[in-house]
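Letters A, B and C name the chains as they come in the text, with residue numbers starting at 1 for each one.
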Amino acid sequence: MTPCPLGVSKLPLPSPQEKAITVTDLRRVYSSSKGVFRKTRNIVEAVRGISFDVGYGELFGLVGPNGAGKTTTIKMLTTLLTPTSGTARVLGYDIVADIMEIRRHIGIIFGGERGLYYRVSGRENLRYFADLYGVPFSRREKRINDLLQMVGLSDRADERVEGYSRGMKQRLHIAKGLVNDPPLIFMDEPTMGLDPEAARETRTMIKGVVKEGKTILLTTHYMFEADELCERIGVISGGRIVALDTPSALKRFVKDITVIEVEAFDVAEGDLAVLRQQSEVTAVNANLEGERQIIRVQTPRGSEFIPIITKLLSRAKIVDVRVKEPTLEDAYLKLVT
Amino acid sequence: MALRLQERYGFRIFISSAAFAFKALFSWLSPQMWLTQVFMLPLFEMAFFVYLAKFVEPSTANIAYIAVGNAMQTASFSSIFAVANLTSEEKWQGTLIPLIATPANRFPLFLGRATFQILNGIATIAVGFIYATYIYGVDMSNANFLALSLVIVITSLAMTGFGLMLGSVGLFMRTAMIIANVFLFVGNLLCGVNFPITLLPFWLQPVSYVIPMTYGTSAARAAVLGSNILQLTPILMQEVVTGLASIVVGYLLFIGFEKLAVRRGTLEEY
Amino acid sequence: MLNFFSDPQWIIPNIIAPFVFTAVGLIFFRNASGSLALYAVLGGGMMGMWGNTLYGAGFALAFDRWNGTLEYVLGTPSRLVWIVAGRSASSAVLGLVNAIAILVVALVGFNAQLGIVDPFGFLLALVLTLASLSALGVLFCSSFLLTRSAQVMTNGLEMPIYVASGSMFPIALLPFWSHPLSLSLAPTWGIDAMRHAASAAYTGMGFGFWLDLGVVFASTIVYLAVGFWLFIVVERKARQDASLGEY
């Protein structure tokens, strides 16, 4: 896949101090009421005052567990949701006062099964959105062809979208999000639901787009993806930013921690709970991989802690114990739990 | 090689939406279904009421009244049903959000999508009149065809506007289909299609005056009897006004929906 | 049937249309003598029954096609035809409810005069007509199974049936060449029977109440037999063609 020959848009080149995105104490509260006679209000504070900046040409990642407020934040920045309070500027425009200006100059890639007209072809979808964004008519076809080539859909472009696989639809979403040649692109969970092959291709595409000088803000809950792609990461949890730094700086956050990875069968939940309660254990993460459980124990104690772990998990069948370098995932776990 | 986006391109949005909607939003209307809708449905719907009229009051004048009224009413499938369902199609495919995310001017977007159905409506009414003349024996010897054509075009336009308004109302509802279906049939009762609206209960009559078809059927009958455009101007103006009013209300609801959904965060529900 | 209720928007056209047509009919008949108002109400009721049956049969399968459950339904031990028959029957009952609703609204809203001379006969005619409608639904259903456009056909069939069965006017008014077609439809006879039972002065098609009912009963048997046979054929063919999964 060749990277698309994109240029910088017609906005004047910003000075180095200017930021692509500036968020100041952004807050969003959802309230819903249930019942007809005795109304009960249900108030959810999805985003509780977050602030951060993204510079031009940066690939910034917003990482966090489900429900942390990532999607809400990205919706506010893309003018699809009004904030309850706080301000933000995108490309210098205010997200409440200058909605149409922002929409002209950003690309939005939310992915998923929906959001495409499925009875027409991929190419026709792109043509329509090109028209809606005001892509110059004389440049439209070439732009679409370039985009289709970039996302690898050239040979299937004239088939109806209803026949596309999940991965193909995602690629079409990416092409659609770039049709207006935006200097700033928002991506919400771009590889969610894709098989590993398609996910890898998507990440390669994203890297290609950044090389052309675009700014990207993406959200994800895959730490390895953030680690691979992002220059800086904001970790968001419970509606707040709990950490904001480069991946290496965040990893240093856990540099004094050793990770002991235990591969076992039949680990009881009760034993894990006891393990978590140990004073020298920072975090315990258990994942099911097939029938095996992979338990990652974070501790400052190092490999000398292994016998204690095996004793606490003696009821299980331990297959292997490894000592690992802490990853961004571990830093994330430490921050989020 | 920077891409300079166009500044004012409302007309382009209009044309693009018209052409695109034909393929993307109306293609549930397969060729067979379209043929059925344009040729078969009018035939039988007209037959039903004409034969009913023959049973009750078989005077030539009455038959002509019914036949002309029903010929006009045949447009309701395109202008009301198909157009009002536009919004449910968009909702179902989840394309409301990407549309809202674009900077496109909402007015040509709103109007453009219904263009095909305006043409469809005109075609259906024309077929209806062919049936009225050759099958149900309506006497067209005095008809002012220019005036009649104008009535047909204006009615199709105005009713499509009404359909767009219904579609906008449907944005706020779970299923716009209910509204579409109700108004598809209710025209038979309320629009002077089969009998003068003065026969309706007094509390229903105001509704008739809001629907453009009520004026359309009146004007069509007058044109068949020989009235010229000048004579028809007052009633056609009323029809144009109701049509325009529908479009305005529909448009305001459309952008109101967008503002409300963005503020409340309910966009995803649609 | 539950599937049907969960998607109420599909029922709406079949409730609205008969109501509207009945209302129009009643306004038409406003000056006519009492027994003629019968036509409007009975006709509307019959239309309500018919529409729901057709929708029940046609759309039930269409839904299955869309939801991809058709293949699962075919795989069940009970024969498809019984499943469809069940759905047809239940939607005919729905139609009955609809018809009664129309009756009530007509009586209350439009102050229609409706006296039924022979209530037992009327009821008998009603039930038999309902049964014949279900049977007809089963018949149509088998062809819907093969074609992709069940929806097209159901949209197309309603109005012609309303006209051909003389739901609101005597079929004698229709062109002579269409009479054989009208007479081949059980609802035509059923409505005639109901009118006989409702009004002593009614002559209608001239065959009399019991002959009407006889034909309704016979047609029901015929429809069921043909429908049953068609289903076996269709089931076999569909398995061979593997055309069920597509839509």
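Odds and ends about this structure:
The rule we apply is simple: a residue touches a chain if its C-beta (ideal position, glycine included) is under 8 Å from a C-beta of that chain, and two chains touch if they have at least 3 such contacts.
Fair warning: this is a prediction, and the values are worked out from it, not measured in the lab.
Ranked by how close its C-alpha mean sits to the mean of all protein C-alpha atoms, the top chain is B.
Ranking all chains by how far their C-alpha centres lie from the centre of chain A, first place goes to C.
Chain C has its Cα centroid 55 Å from the Cα centroid of chain A. Remark: chain A and chain B have CA centroids separated by 45 Å (rounded to whole angstrom).
In whole angstrom, the spacing between the mean C-alpha positions of chain B and chain C is 29. Residue ranges on chain B touching chain C, taken from their complex, read 30, 32-33, 36-37, 40-41, 44-45, 47-49, 51-57, 175, 177-178, 181-182, 184-186, 188-189, 194-195, 199-200. Note for the complex: chain A touches chain B at residues 5-10, 28, 30, 72, 75, 78-82, 100-101, 103-104, 108, 110, 112-120, 124, 127-129, 131-137, 139, 143, 176, 180-181. Contact residues on chain B toward chain A in their complex (touch as defined above): 1-7, 9, 12-13, 16-17, 20, 23-25, 27-28, 93-95, 97-104, 109, 262-263, 265, 267.
Chain contact summary for the complex, chain C toward chain B: residues 8-9, 12-13, 16-17, 20-21, 23-25, 27-30, 32, 36, 39, 149, 151-152, 155-156, 159-160, 162-163, 168-170, 173-174.
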